[in-house]
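Okay, so subunit A shows up in both of these, paired with subunit B first and subunit C after.
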Partner chain A sequence: MPASPQLNLQLITLLAAGMLVLQLLMVAQRQLLTNIRLFAIQSLLLAGIAGVSAFSNHAPHVYFMAALTFGGKVLFLPWFLRRLVRQIGIGQEMHPWINPPTSMLICGGLTLLGYLVARPLTTAVSGTNTFGVAMALVLTGFFLLINRRRALTQVLALLSAENGLFLAAISLTGQGMPLVVELGVFFDLFIAVMVVGILVFRIRATFATTDVHQLNRLKG
Partner chain B sequence: MKLDPAAILLQLLLLLALAPFVSGCIKNWKAKLQNRRGPRIWQPYADIFKFLRKDMVISEHASWVFSFAPYVVFISALLVGLMVPMISVPAPLSLFGGALAVIGLLALGRFFLALGGLDPGSAFGGMGSSREMTISAIAEPAMMLAIFTVAITAGSTDLSQIVRATQGPTWKLLDPTHVMAFAALFIVLLAETGRIPVDNPATHLELTMIHEAMLLEYSGRYLALMEWGASIRQLVLMTLLVNVFLPFGIAVSASPAAVGTALLAYTIKLLVLSAAVVVTETTNAKLRLFRVPDLLSAAFVLATLALLSTFLFQ
Partner chain C sequence: MLLLAILVTPLAAATICAAVKSRGALETVNLIMSVLLCPLAIALARRVVRQEPVGALGDALHADALSALVVCLTAFVGFVTSIYAVGHLRHDARSGKVSPKQIRRFYTLMPLLTFAMLLVPLANNLGVMWVAIEGATLASVLLVALYNERTSLEAAWKYIIIGSVGISLALFGTIVTYFAASKAVGIESSKGLNWSVLITVADKFNPAAMRLGFILALVGYGTKAGLAPLHTWKPDAYAEAPAPAATLLGAAFINCALYAIVRFTVLAEKTLGHRFTGNLLIAFGLASILIAAPFIVAQRNFRRILAYSSIDHAGIMVAGIGFGGKLGAIGAMLHMLFHAVTKPLMFFCAGNVQQHYATPYFRNATGVIKTLPLTGGLFLMGTFAVTGTPPFSIFQSEFTILSAALAESRPWLATIFIGGVVTIFCGFLVHIAKLTLGTPQPDAPAPATESPWKLTALVVVAAAVIVLGFWVPAPLYALVEQSAEIIRGSP
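Moving on to the complex of A and B:
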């Protein structure tokens, strides 16, 4: 079925907007398990974007990335994180430094900043604001990373920031970065999650909490 | 523009008949999803008829406000319903106002609902009213901003004009800004209809109820009006969501065939939205009351972002 490029572009923009909405909901959400679920849905949308852009640009290796995103970020990582939550039995509720309404406002500002920064590029390159959305995802992802206390929730924030990076690559080039680079980034992240998974256990064994703030006490 | 009595009558009947059906569907599906058998889909009709036949018990401390409130709630819900295009454009009473009038009438209904809760002087009623007002103080601006987002794209705050603009060739279906506005309005829908992350429609537990607390003192005919009014109000909000953001199949002409397809498309859209509500209700835990502003501020920021980005991406 030959879909028109206009339709593909619109579909990508729509899915990207959905990703942004999910990101903002993650900022507002305090429940850890819901947060993991939101991340999984966000990654599903990302896999959809990769699939659509692979289809419209006839780039087979992006299909591969879409499949990898689906397998890794939609199925495996959420499962892994959920298992981790169960095993270490940490509480359901997260305790960010800044309360959710204020962080929502800050993230709203960051989103606008992302849009503004991306504006020269979006009008020149692709004509859509997907890159702006990607910038917003990266910025809010970093904000989440700073705002959260516990190692596990920080991993989640890192992953959503990475979703933004992947989206940025797709939106600028239309076919993402070369496969090797993507694979490299993906496995880096994968290993990072694993390492943090182990680290969470170690931190908890030492301090009886997963609050990374406690690590400050390790200074000599 | 003249008033069309046939259109008014049709939409009035549709509002009265469809509202309990949607409530019943949501209740029934929710039960099914939780592995319960659940009440039949027609149960809300049976409830309303039962309440209508019963005698009323009215507290001796209640004033005229108590008996006045159910009528205001019911009639304001119906009036709002007639101002929102359901199956055909323009809406029967669109002559009398657009989005602002709709929001105002919804607020009027809510105001009298809260007054009705306060009037008999019961502790729970007062608590319910104060909670309802707290929540709506944040939900209402989010709703306004979300509607304005679409109004700016359409170039009019008249809902019929907005829906007509969505049928035009230049309309970008589900623009990113509209996705954000839709998400905001969906959260507002959950809050305004007392759905689970905000309020539990199935509970009569003192500590958690909001909407039910205000209805505690009502019985008989008044209770029927209140419940029916609440379900009409829910139907109106859902109509607003589906017809403004997913404008498929609305009848632009008044021919029977167009109206028929519009009715079919409208019912399908409503059922899909109800399913989305059911899934949200089942997969989320009820928030603590003091956490509700978190959720609603998320809706508010989403709507603000949507509105601002309409200007950024002109």
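Moving on to the complex of A and C:
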């Protein structure tokens, strides 16, 4: 059990760094199911951060959020997405626009940018790097979104950016947002993934593919 | 009590609609809901104008003049849309475009969307406001995808992906703003996002964090309002959604997004001063007007032209707030009012023409005034109104915003503003004049009259447009004035 505040802080920074590493792994590899697994592990680290932060701040509602993150993002969403992959029987390859080495370079640049934007804020608070990591997660998440052309991998990119947002909330205030807001955000997230699931199904049925590059009729 | 009633009405309607099956029952429930909401919204407006802001549920809900204005506009748009929807969907059902299941889906989603749109201005907590805007987005994604065609799925997909990026940025902005406020608000963090708390201490926020928070919130909610550069989902979604759903998006939901931008602007202005927020708002506003102009001039599709018009109007309102001063704030609020009243007319007329000609393209639909006389005439009148021609009301609000720009001695920006607005006027009018007054093509459908439901909706909106051109009722103007005061920072 972590005891001193210093240790807690270091543990959080370590876990956050782990989240960033997993994000970069997502950028580098090509398998859809592996990607879902990486997202689950990333969410597990996030739940860990929430747990440590709840312990060190004596904030019971953050324990609740940690549990919700674990149940929702580590267990349920990956299961739901994997089932969706099986049901529509889409292939494993992700077909990114930009090849992995170049993508890694770009994401390295985005991480730097995230730190740069975060600096005026983090120096004002506690000096932790966690908010910088959160910013980097959001930016690389958006890059992943642009770089992927399969419908489901775009959703995974958005979810990892969302992980960055949760990390930002915890790192800035130590307790995350008020409970009602966190619950609402979680609720919306689940509905959003359901809606996406419905759309992916219908796109698959109508276009016989989930390559969103095919969705190119509407112009002007 | 009043606030709760406003929120419970659509929620109850959605629950009933999820349970009943017959089309008649669905239509009736939606009509009853939208009729009930009108007196409730008016009662709220009267109470807010006379007294202090209203709160409920231990301050979880909070309504001031600005909230009441948005609630009233949502109620009005919802009212006319629910009438129009009956005629529109019956036509779609007859032509086999929608199945009974899809009709049921529409009538269940519409009260859900209405509920979310009403929660946006009534939520005291800026985080709950975010949740409501995201909820409204998700409901409207399914409405955009309703027809289940290739193009509507494409539009819905683009909408949810671009919208999710925007809404993530808005959430990020909310988180950073929460952090900016955390020192000033103190330890009691569960109320740390409540507007009624934030506004009293907004001058003590952390400026670096507020700056970042405002930029993120502006870009994020700007996506929902359709401000450039994240406006690209709008033409697709507005053109592919069923016309009644497009009306709700284009005339009511846009106000919710602008409302969120206004709230963050007020907070940021107290911390950072008007120059910072004003310049950003003007930049986004003018960029949206300038981006919309060429697309309107070169447009081939009369549903998409309405989306670009709405990008233009969002830009005008944001620019008005950016120019600032009393004139800018009043101009922006008047514009929100006039736009919300005028736009449904355009969506209804476009929907009628599309159903009658079975095409959304200008080249295939000409001479509407000969085949659908009332729709054709009102479409032309609506075009004059929506592009800001006197005597219609939008001229008045655009002129007020222009005066605001000149009063703040920004003649160059005022010139760009006029340039954009005039270009859009010309482009729009040429297209719609051809559509309504041109010679009908030989294979044009036979002349017809609109169904009574569509007719009622058209007449109600047209009457409102004409009346507002000459006379704004005093209580309504008081509401607008007080909303403008809130924009200028009075609690």
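Here is the rule we go by: the second predicted complex is superposed on the first by the 215 of 220 C-alpha atoms of A that agree within 3 Å, B and C clash if a C-alpha of one lies under 4 Å from a C-alpha of the other, contacts with A are read in each partner's own complex, and residues count from 1 in each chain.
Keep in mind that, in the parts below, contacts are C-beta pairs under 8 Å (C-beta built on N, C-alpha and C of every residue); 3 or more make two chains touch, one makes a residue touch a chain.
Since the model is a prediction, treat every value here as computed from it, not as a measurement.
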### Message
After the alignment on subunit A, I want to confirm one thing: do subunit B and subunit C clash, or do they fit together?
### Response
fit
### Task
Look at A:A169 in the shared chain and tell me whether it touches subunit B only, subunit C only, both, or neither; answer first, second, both or neither.
second
### Query
What is the contact status of A:L81 with respect to subunit B (first) and subunit C (second): first, second, both, or neither?
neither
### Message
Contact-wise, after the overlay, does A:V21 reach subunit B, subunit C, both or neither (first, second, both, neither)?
### Response
first
### Message
Per the contact definition in the header, classify A:M65: touching subunit B only (first), subunit C only (second), both, or neither.
### Response
neither
### Query
Between subunit B (first) and subunit C (second), which does A:V185 come into contact with in this model arrangement: first, second, both, or neither?
second
### Query
Is it subunit B or subunit C that touches the larger share of residues in subunit A?
C
### Task
Give one of first, second, both or neither to describe whether A:A161 is in contact with subunit B, with subunit C, with both, or with none.
second
### Task
Check the residue A:L9 against both partner chains and state whether it touches subunit B (first), subunit C (second), both, or neither.
neither
#### Entry: Where the C-alpha centre of subunit A sits as vertex, the angle toward subunit B and subunit C in the overlay (nearest 10 degrees)
160
### Query
Which partner does A:R217 reach: the first (subunit B), the second (subunit C), both, or neither?
second
### Query
Rounded to the nearest angstrom, what is the minimum C-alpha distance from subunit B to subunit C in the superposition?
20
### Query
Following superposition on chain A, which residues of subunit A contact subunit B and also contact subunit C?
none
### Query
Along subunit A, where are the residues that touch subunit C in the complex?
117, 120-121, 124-125, 138, 142, 145, 151, 154, 158, 161-162, 165, 168-169, 172-173, 175, 177-181, 184-185, 187-188, 191-192, 195-196, 198-199, 202-203, 206-207, 212, 215-218, 220
### Query
So in the complex, which bits of subunit B are touching subunit A?
172-177, 179-180, 183, 283-285, 291, 293-295, 297-298, 300-302, 304-305, 308-309, 312-313
### For the subunit A and subunit B complex, residues of the former touching the latter
10, 13-14, 16-18, 20-21, 24-25, 27-28, 30-31, 34, 37, 99-101, 104-105, 107-108, 111-112, 115-116, 119, 129, 133
## Note on the structure
Listed in rising order, subunit C residues that touch subunit A in their complex are 60, 125, 127-128, 130-131, 134-135, 138, 141-142, 145, 148-151, 153-158, 160-161, 164-165, 168, 171-172, 174-176, 178-179, 182, 189-193, 206, 208-209, 212, 235-236, 239-240, 295, 298-301, 304
